[in-house]
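In the two assemblies presented below, subunit A is common to both, partnered first by subunit B and then by subunit C.
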Partner chain A sequence: MTPRTTADAAPPSATAAPEPPRRLLRAAPMAATVVLLAAAPLFLAPYATTTLSRILVFALLAASLDLLVGITGLPSLGHAAYFGVGAYAAGWITIHLTPAVPVPLLAGAAFGGVAAAATGWFAVRSAGVFFLMLTLAIGEIVRQVAQSWDSVTGGSNGLYGIDLPSVAGAPLGNVGLLHWYVLAGAVLGYAVLRAVAASPFGAVLRGIRDNEPRMRALGYRPYGYKLAAFVIAGSVAGVAGALLAAQQRLVTPSDLGFTTAALALLAVVIGGAGTLWGPCLGAAVVVLVRDALGPTLDGHGPLLLGVVFIAVVYLLPRGAAGVRLRRGPGREQSEQEPT
Partner chain B sequence: MLTWLDANLVSILNGLAIGSLLFILAVGLSLVFGMMDVLNLAHGALFLAGAYLGHLFVGQQAGWASFAGALGVAAVIGALAGGGLSVMTEPLAHRSHLDQALLTLGVALVVAELLSIAFGNDVQSVAAPPGLDGSTVVLGSTYPVYRLVLIGIGALLAVAVHVVIERTRLGLLVRAAVADREMVSALGVDERRVKAAVFGIGSALAMVAGVLGGPIYGARPGLDSTVLILALVVVVIGGLGSVRGALIGALVIGQVESLGRVLLADLASFVLFGALALVLVLRPQGLFGARAQART
Partner chain C sequence: MSLRVRELVAGYRRGTVLHGVDLDVGPGQAVALLGRNGAGKSTLVMTVMGLLRARSGSVRVDGHELAGARPHRMARAGCAVVPQGRRLWAPLTVGEHLELAARQGRRRGGSWTVERIVEALPRLGERRRQAAGRLSGGEQQMLAIARALLTNPRLVLLDEPSEGLAPAVAEQVAEVVTSMLADGVAVLLVEQDLYLAFSVADQVAVMQRGRIVHRASTPEFRRDPGTAHRLLGVS
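Now for the complex of A and B:
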């Protein structure tokens, strides 16, 4: 097939598969979404803008989880741990070192990745529901650490008084600027995830998801690939955490708890695992239900989310389809095996 | 050595008490998963429901009748809830384990929220039955009687579960189903009924554990995920589907939670994590698990 590139085509990346028309079609709605999101603070009320920022943070968390759940086939219930580690690291560095912009983000990415590597090296040895149980246990243990390590994390009060991030010495002092900062970070993180998913490396991950013994027979060592995916996902979750610290200016142990991890997984399942953008929509639904409907339900948003969870499992087997480790010829299946 | 034992006797006994509670909780989780591949994430919520039930029945001034009543009602409601969960997961039998885990996760969220709506967010305490609420002297250390009784109940239940699994027809079916489910159903046994029975018993045990644990842990939001995690760690360490593994795992985690917290106070959370990592690195299938790794 001959590549037909139009004038405004994005420069083709070196590693991507040669499918320019489809890539363009995919890029167009994405670009439109980003433009729309960037314009939002100009016509939305501050509260709505804040909610939108919160959705972006959670969407990045959900998308990073999707790299594990949907693309690598590793259903994690402890992903909030790396989100929280990134948030604490970014918050601590903002308070004690510097709020200058790229630093907290980089700290979040680094600490999220390191935490994922420290726990992932044995977690990814397991698979399926066993992996689910392990990550759940790891997540809860990390939460306990956050709760009891008073001198660094502030214990159950959380880490508060986090300064606004600053660009060239000037703090991002209003909702709109902060929203743009969060948007920039989220787009960056999402781009990394997309690049990983589209690369030959991502194709191997899908291969492992669909048929691990076969990948092993082809000469791949799934362990290394799974661990790398785990660390990348943890690192991007750390970036999302850094954005949370900047946006919320408070990090509490519940941010890395079981409920957050479960909600992230719910977002992935609602949105359709394996698509990366689906979980972002799922995240929007989850945050809107929790924050917008929560107050009218007396703060019992999780009740509604639990019902949604049950309903999704029964009624939307397609939404949960990507989660299933192997079933039928998935659209996302890797056809171009890298050699 | 003796002085060390003397100094830490209370912690060791606490560990045994926590361990027996964890065994009661984990054995159901382990069997349901080992047998039917259903990871019941609502198990912790059942425990919490049991704890609130104990609070409702017993409250501050405990009587034997109310405590026994709470235990009985917990067993019945637990069995019904387990049957209900069994029926709920039935349509998902041919889908992945993950869907079933997600379903029970949804149930857990709903149950925990309903409990917090009904009972509020404060810690509710549950008194031990009269006669057991005092302390006694064990080898020179004073120790609450109730916890000693709890250790006894745990030992008794461990024996009872062992006898049921090893000596009765139901136990035979359960062991057979853990080993090869298809073969059991090919032999003409309705595996759904075996599954419902195991689910019911496991859930009844979880709620009973909640009532029994009431005087120690009380009842509060968040307790459900705490005990669920501990039970999961027990099951992972002990190996899925193994009664003996659940017992050993529960005793180990009981000591880690109690003695480990005292001896390594600063590293308490890491100790639990370390124990988990250590076992998984040395024996990925758990101490007594045969084929946990084979599942995907």
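Now for the complex of A and C:
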């Protein structure tokens, strides 16, 4: 068999090739991206830097959703719920307890994870359209709670007056410092997702995605793995929420509503499900169109997003990330009836 | 380990395929399941493994009733299946396949490890980092068999393992099955290639329209070409 080579990989037959250089090579684009993002406040205007921070927050949300959609095969329409729970938890703790840095992030992770566990234990029992509908309903319920629980969430006014996060007692008082904080949190969350996806546990998730009966036939019980993926994704979404609270200094019910959840799913599809980095690109497109181009289009941003979505589905069925990976193997068809 | 199937009825929405199957596979025994296309051989394999729900009847593994159990319970009871068409996870690498299976195998305990598999099937070791979807047909079949073996099963159901393989590769498959038997694993082998089936199995069972219609030892069956011709349409 003639080994087909992809752009970034050594010929597959060269298994004797030492591992570290290949790994470094693969990590290089990632490292360069992080360096570039870290340097951005030095040459970008404050408003552009703020937009970039917002993209990072949304990118982490989209990547955490990709762990469900692309890696585990569970497309969710309620993922913004855990993002919002994390944001409210981090915001509330910043106001009432402390803005000292790791605390709001940890609160976001913990509350996002707990909320995902509380709702995931029954949601992941379903699949396909039922899962989509269940998560949609969960998202709406959580939004209703955020809207009506005035004493904690501030109701429809939102939770405002969130203090700037502080490091060693000093608040991160300018756009650049805040951007670095958001970048650090996003990189941390992304690294967790990456590690999960690449671990043996991640291989189990991908096996479930591609052929669940086959995983069962090996002796795996998919329920526990799906629930764990759901909780991890919820927890990382909670971290993204905590970053949103710090960056926006305001959390409103619309941050955890259907629109946010749908946009996150859109980012995953545009970017390419299952790659983690693709949805980050998708998130950039979504935020740029919504926040940067939207106002100049007389509020027709969503229309443009719709057009982008249709174009991507038709032209790049695997999203932006698929452009490079097009020659990869297709997924296995689902279990067929034998004769 | 022994498998005892009685009065097994199963099928799909469109209709019943198995109309009361009786079948025994003793410990360390290899039974070749023969029959024309559409006789229900693959359906029987799927139903025994729990991938298809049994409507009625009994599937006993070492005396434990497991009819209608989900596949992961069958797997944990020591059954493994090498499905028709291999059914690998195309995007996952060879190494990931081996590791996924070995994790279950370690839980059960037994002699098959990733190292031993790679020693027995060196091609898989060479292709460890490759996506399973990019392997050749023979390599895919070897990987499907390796995946089943690494769970350290006591009963393996093989559904047409030689399908679409070159004769030399099919022979290699037969060797692996023989080494399973030497380990005391019970084998149910669905096979169109009679030569391969006869070389491996000590018993032959023939299926027709969802029932087992003939049982014989392999030498008996080979001495009786008339029956083989009548049931299978071969001479």
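The criterion applied here is as follows: the second predicted complex is superposed on the first by the 296 of 339 C-alpha atoms of A that agree within 3 Å, B and C clash if a C-alpha of one lies under 4 Å from a C-alpha of the other, contacts with A are read in each partner's own complex, and residues count from 1 in each chain.
The definition used in the following text is that a residue touches a chain if its C-beta (ideal position, glycine included) is under 8 Å from a C-beta of that chain, and two chains touch if they have at least 3 such contacts.
Note that the structure is a prediction, hence the values are computed from the model and not measured.
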{"item": "Partner chain in contact with A:155 - subunit B first, subunit C second, else both or neither", "value": "neither"}
{"item": "Touching partner for A:176 - first (subunit B), second (subunit C), both, neither", "value": "neither"}
{"item": "Subunit B versus subunit C as contact partner of A:206, first or second or both or neither", "value": "second"}
{"item": "When both partners are placed on the shared chain, which of subunit B and subunit C touches more of subunit A", "value": "B"}
{"item": "Partner chain(s) touched by A:129 [first = subunit B, second = subunit C, both, neither]", "value": "first"}
{"item": "Partner chain in contact with A:310 - subunit B first, subunit C second, else both or neither", "value": "first"}
{"item": "Residues of subunit A contacting subunit B in one complex and subunit C in the other", "value": "none"}
{"item": "Complex interface listing, subunit A residues touching subunit B", "value": "75, 77, 122, 125-130, 132-134, 136-138, 140-141, 144-145, 148, 212, 257-259, 262, 265, 269, 298, 300, 302-303, 305-310, 312-314, 317, 320, 323-325, 327"}
{"item": "Subunit A contact footprint on subunit C (complex, rising order)", "value": "12, 37-38, 42-43, 46, 49-51, 70-72, 74-76, 80-81, 83-85, 87-92, 96, 99-101, 103-104, 107-108, 126-136, 139, 147, 151, 159"}
{"item": "Parts of subunit B lying in touch with subunit A, wherever the complex brings them together", "value": "33, 37, 39, 91-92, 95-99, 101-103, 105-110, 112-114, 116-117, 225-226, 228-229, 232-233, 235-236, 240, 268-270, 272-273, 276-277, 280-281, 284, 292-293, 295-296"}
{"item": "Sites on subunit A touched by subunit C in the complex", "value": "1, 3-4, 12-13, 15, 200, 203-204, 206-207, 210-211, 213-221, 328-332, 335-339"}
